[in-house]
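Here come two complexes built around chain A, the first alongside chain B, the second alongside chain C.
Right after this comes the complex of A and B.
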């Protein structure tokens, strides 16, 4: 969610709540004997309001479960989640008398809360930056779940490309490709391989074939994010440049096509990496937020009854 | 005496007065003078390439009578010695290049060149000109037409028939001078070309260059005795020679009780005529939505109730929806109970045979029965046979017309008595593919109801033409002109083999007079159509954004695009999940597609202004609502034609489980997996499509493409996002 003019009313509301909180807190802080605390009437009010905001922010997950229920547009819920969630932290601080917890449970609560807020802010920053980065740097982006399949297709294209100049490539099938071997795409590739078996190797193609089998083909492994020279745009370009010097001119076009396939693979690797970052922060934010809500309930019960 | 509108001339001593623009050939014909022709065929545009019709008009050279128009005071001589001699020389030249006798003349004695040569006394044995040094090639690549270039006299009749009559644009001329010959798709073998085997070229050919090779091996079934076939009432009047040559194209098919004759959704190229017994015709796909979710479980019930709360599935209450399902037979099926019975004399499968559409319904023998199964050439000849046409027209008027009228909500208040009266007044009219039924600006003289085929409705506007709609069986057109200024407001063209019910203006007006409710419905419908037309033409006229990409990606034709702003989209797939949730677990959008600027044009229906997907649906289950979005009705038979025709891959077929009759165990059912097509319906039951509503990042937008991009690039303030 990008923070833009559509957030104005939520920002105003949040600032207003904060201002009201501050205005009421300052005299409360100055006049309460022994300092403000969660157990006072005003402290309980802060606690109730802050918890209500936290619960509301937590309801976003539930809202997303019933996507088509007309309970307000999801984007409005997210805006509310961001601003009410953010403002709930100072309100809870008012509730705690600006302390970071006086007992072990409250300390844990405050630390968890801080982590939730910080991870949320991090997520917001990520959502501002990474989608643009994906747009600019991964023009051939595909559906994330399809990435391994697309990589396998790239490998098949690369195989065909090399076989067209060097005859059948003899390589041990890698275990990761075992599934693909039984797929229709793989079978089609096998047929194609047989079809190109009669292709006469171009003179000087041995070097290209060796380079492909040792360095490039492992780069098209459909799982994980590969490392090595081919992963960096500059280092890859340099590596291809060195290989180009070793090859006859007739093979330069093939090498350029192979380099293009590597570029595409690199884009997909970047997509995977960015995708992990784009969604990875939620692995911190969501479980801790739920833990926070659970512990908050425990804290409320303990404070009220014991 | 000539007037400004007529021309007077003299032909072989006879004074003739004809309308201005009449050719010499037609003028001579009008006074009983027969000028021989070869390349000329009434109904085809004259081209005067053979010059057999050469006549003396007193000029330096002889004129071609088929092309040259009569002129005031012209003196034409058609039979003087020099003219006859010139004609004989031309015939000799043509015969020198022609095998004598050619296949056609050998079999049927009907080669027009050889007949004319015999008549003019041009004997092949005394030909002064040498035959060609080497024979030309034969082309037997097509299944039903043989091409013998040796017999071709390059009269261009086949080219004009293919181009002007059928508008297939397959045949042309290849090469120059002595090596010139006709060619299919720039000299491909006929069987590999885009020829649709309509046979129009063969019918037009004067010689044995294009002949029917018969259908012996094509249809499985009991071979019919031609003599017996000729005696059937529907075949009376059809030449025995034609039936002989097409004996493989019509077979007798006995079926036992319970046997399936054809199955909905399968592609077919034959029509069936019921000789004995009865058959049930029905749609076996249950009339229901494709769903992936089990509605019998606890969660399924909860979800179903939730769907009711969220109004998902409101399609079934659509007031625009028809009550009958149009099928390829002389009956329509009631939506509530989609089954009917056909008896002796009934025909079904016409659209499949004529235009290769998928079967619209399943047909099962309800008792032991015998059918004639026929391929298109036989069906077309039958349709031209007055006895058959009369029988079919009567059957349609008796059985289907009333249903068809009642199935259309607009005619809901017509009384049975009036329908009976109307039945005797309407005409059934056929149109060949490409024929213009009427043009924008023509006087409005009738209302049309589509009985077979598809009609394209076009409107001209500055800068081009725009498709307003594709009309299928059970829809009507022509009412706007009748109820307005008596002038056609759009051009209607037959897309394929079309048959329409024509209600004359006088009967239409009588109907409006007698039934004010019908008038009110028509007026309402006209308002809707006018709004729709206005909306579409506005889209067509907004041309601020003219980028190549915009055009290349077909965005110009999109009325409602699902755009994902890639600067905001976190690829969370909430839109896809929401779509699945809103449509019983089956998503109608894929978060992938072409990029335009920073937007991803998601794979979801665009509600095109030219919705090609609507052409060819055998049961008319895909249609456009008045509110412009495309919907697929629940009675879809899953043939997949719409999905194939959508240029953007926005229609998908989804499997679902059903129980159907078990052919091996009559009376029992067995589980089957069938397909249904699904397309984005824009969640019209809601204010906003679910995908947009559920997007947590304000990245998904349903927009009018032109308005949105105009605003985006030019900054024109327009409300585009929905």
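Right after this comes the complex of A and C.
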């Protein structure tokens, strides 16, 4: 989510809450003997408001999970999640008397809260930067979950391309997406492409075939992000340049097509990497937020009881 | 053969049901979320099995460690909820909880506010935990920040919220911000009323070099020869005649008839001295009956004839003469010791002669509303009718009654470093205590200085009125009280 003018009212609301909190906190801090704490009337009010904001921020997960809820637009929920969640931290700090907790549970709560807030801020920054980077550097972006499938299709296209000039290639690997390849339409497509590939090998294509099987084909493995010369744009170009010198002119077009496929594979690898950054922070943010909410409820109940 | 991608082929790239399948990233996110939540619950359950300390907002203070994990000892159930609903301040720990163990004597009053019962808490007095805040770590609950005291005592000219105003404090309108800023001069010094003790002492003479009667090898008396700390090394013990004065100032009755031509007298009440004199003269006459003489005219001359040699004297008359003689000797000795011109007792004490004593006692009786002085005078007359009266010395045991002081932490200092005017003091009325400025030389709220908090010297509660609420208990009784019957049974 990009922070733009649509966030204005949430920013104003959050700043207003913070200012009110600050204005009430300063005299409270100055006049409370022994320093402010969570057990005083005002401290409990801060705790109540802060917890309410935290719970509301946590409800975003439920809102996303139950898409049929007609409780405002999802984007509005995200905006509220960002700003109320952010402002809940200083409010909880007021509740704690600006301390990071003096007891075991309260200290754990404050550190978890800090991690949630910091990971959230990191996520917000990442979501500002990476989508633009994706747009610029991965023009052939696809659905993240489909990346391995698309890579497998690229491999099949490369296989067909090489077989069209060097005959049937003999490789020990089975297709990564057996279930996809075994679908009726897919199988027919494979048969057609293989039929066209049963051509007489072009003279001098052995070198291309060897290069493909040893270096290029493993590059199209759908799992993980490959390494090696083909992963870098410059090193890949140099490598293809060297191979081009060894091949007859008739095979140069095929080699260019193969290079294009590699380029596409490289983009998908970059997409995968950026996607991990774009969503990886959630692996910290969400689990810690769950633990935080659960422990906050326990803390609130025990604190209200005693 | 070039790669040809038809629209159909491109459309088939995407599996339309991909979102129905589990994706590793989503599964990991879900698993971690559940894992974190379960881990949090397990952590709380695990720590709660041992004790409820995990729920505390910080360890309890040092003195409450014994029952630090028993929340219910202090907290009342759903107390914090009442805070929210009723707006009470700290109701979860009421004064009732504190007073189960602590009597919590009230703030010391010089003069209780009108209508207040001495020893009772005033309506405006703060709740215990208003000042003594728990769960702040291993600290002393009594170690309060200055601002706690200054809530009520910032302006010493005004009444506190409980309607109390400090007496004898001259603040000249200043506000107290700290010991360094606004704290008035100590009242005993600021009042300039002097030392009202009724005893004569010249510090200057006592500290003179080459003083007569000094122990061998000593050129000069030192402060500690007379002023010695009490058991706690906090305050100085009262100067005691036998320990500190007798060596140089013996009390004797000079009389040639006694061995060494003198009679050492006790340092005690006139009545005791009188009885001692009578006993001493009785002993003297028992061993030397010829001492008793009667006046008799012999050949127109009046002579002192020992009664033992008076053969005409009958037994009854002999006893009567003996008694008369003893009383005469005693009276003469009393006059020599307690008389107006005597320098035996009056060297140090204020001695009121019998006539003056009666008048003084009447005056005391009139002045005293409660009749305590009158009762004391009556007692004196019963014990020693017609005797002179040695006035009580009235040396204060503590000078600054609203603060506490300990000499022990100041032991690295010379006495005169603080009591600066001792060497030059010639009068009893000189107040030789250090003033606030002397204390401020070391006690400043700054780094590398001694502490200067209010509670460093002042205590809120009048501990002198404190008692053991539940008496003294055995170890098993205490454990039973704090940890239940199981603990005491183990003993």
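The rule we apply is simple: the second predicted complex is superposed on the first by the 281 of 306 C-alpha atoms of A that agree within 3 Å, B and C clash if a C-alpha of one lies under 4 Å from a C-alpha of the other, contacts with A are read in each partner's own complex, and residues count from 1 in each chain.
Here is the rule we go by: contacts are C-beta pairs under 8 Å (C-beta built on N, C-alpha and C of every residue); 3 or more make two chains touch, one makes a residue touch a chain.
On a predicted model such as this, the values are computed, not experimentally measured, just so you know.
Asks: State whether chain B and chain C clash or fit side by side on chain A once the two structures are superposed.
Replies: With chain A aligned, chain B clears chain C, so fit.
Asks: Between chain B (first) and chain C (second), which does A:303 come into contact with in this model arrangement: first, second, both, or neither?
Replies: second
Asks: Check the residue A:278 against both partner chains and state whether it touches chain B (first), chain C (second), both, or neither.
Replies: first
Asks: Is A:213 touching anything from chain B or chain C once the two structures are fitted on A? First, second, both or neither.
Replies: Neither: A:213 stays clear of chain B and chain C.
Asks: When the two structures are overlaid on chain A, which partner does A:68 contact: first (chain B), second (chain C), both, or neither?
Replies: A:68 sits against chain B, while chain C stays out of touch.
Asks: Draw lines from the C-alpha centre of chain A to the C-alpha centres of chain B and chain C: what angle do they form, to the nearest 10°?
Replies: The C-alpha centres give an angle of about 140 degrees at chain A.
Asks: State whether A:105 touches chain B only (first), chain C only (second), both chains, or neither.
Replies: Touch status of A:105: second partner only.
Asks: Touching A:143 in the superposition: chain B (first), chain C (second), both, neither?
Replies: A:143 contacts both chain B and chain C.
Asks: Going by the contact rule stated at the top, is it chain B or chain C that touches a larger number of residues on chain A?
Replies: C
Asks: According to the stated criteria, A:1 is in contact with first (chain B), second (chain C), both, or neither; which is it?
Replies: So A:1 only meets chain B here.
Asks: If you take every C-alpha pair with one atom in chain B and one in chain C, what is the shortest distance in Å after superposing?
Replies: For chain B and chain C in the superposition, the minimum C-alpha gap reads 7 Å.
Asks: Identify the overlap between the chain B-contacting and the chain C-contacting residues of chain A.
Replies: 142-143, 146, 279
Asks: Spell out the residues on chain A that touch chain B in their complex, using ranges where they run on.
Replies: The touching residues are 1-2, 6, 64, 66-70, 73-75, 77-78, 127, 130-132, 134-135, 139, 142-144, 146, 275, 278-279.
Asks: Quick one: in the complex, what on chain C touches chain A?
Replies: 1-3, 9, 12-15, 18-19, 21, 23, 25, 28-29, 32-37, 39-41, 43-44, 47, 53-59, 71-72, 75, 77-81, 83-84, 87-90, 92, 130-131, 133, 135-137, 144-145, 147-148, 151
Asks: Considering only the defined contacts, which chain A positions touch chain C in the complex?
Replies: My answer: residues 31, 33-35, 37-41, 44-45, 48, 101-106, 108, 142-143, 145-146, 149-150, 153, 157, 160-161, 164-165, 180, 185-186, 189, 196, 253-254, 257, 260-261, 276, 279, 282-283, 286-288, 290-291, 294-295, 298-299, 302-306.
Asks: Which bits of chain B are touching chain A when the two form their complex?
Replies: 306, 309-310, 312, 566-572, 574, 577-578, 581-582, 590-592, 595, 598, 686, 688, 690, 693-698
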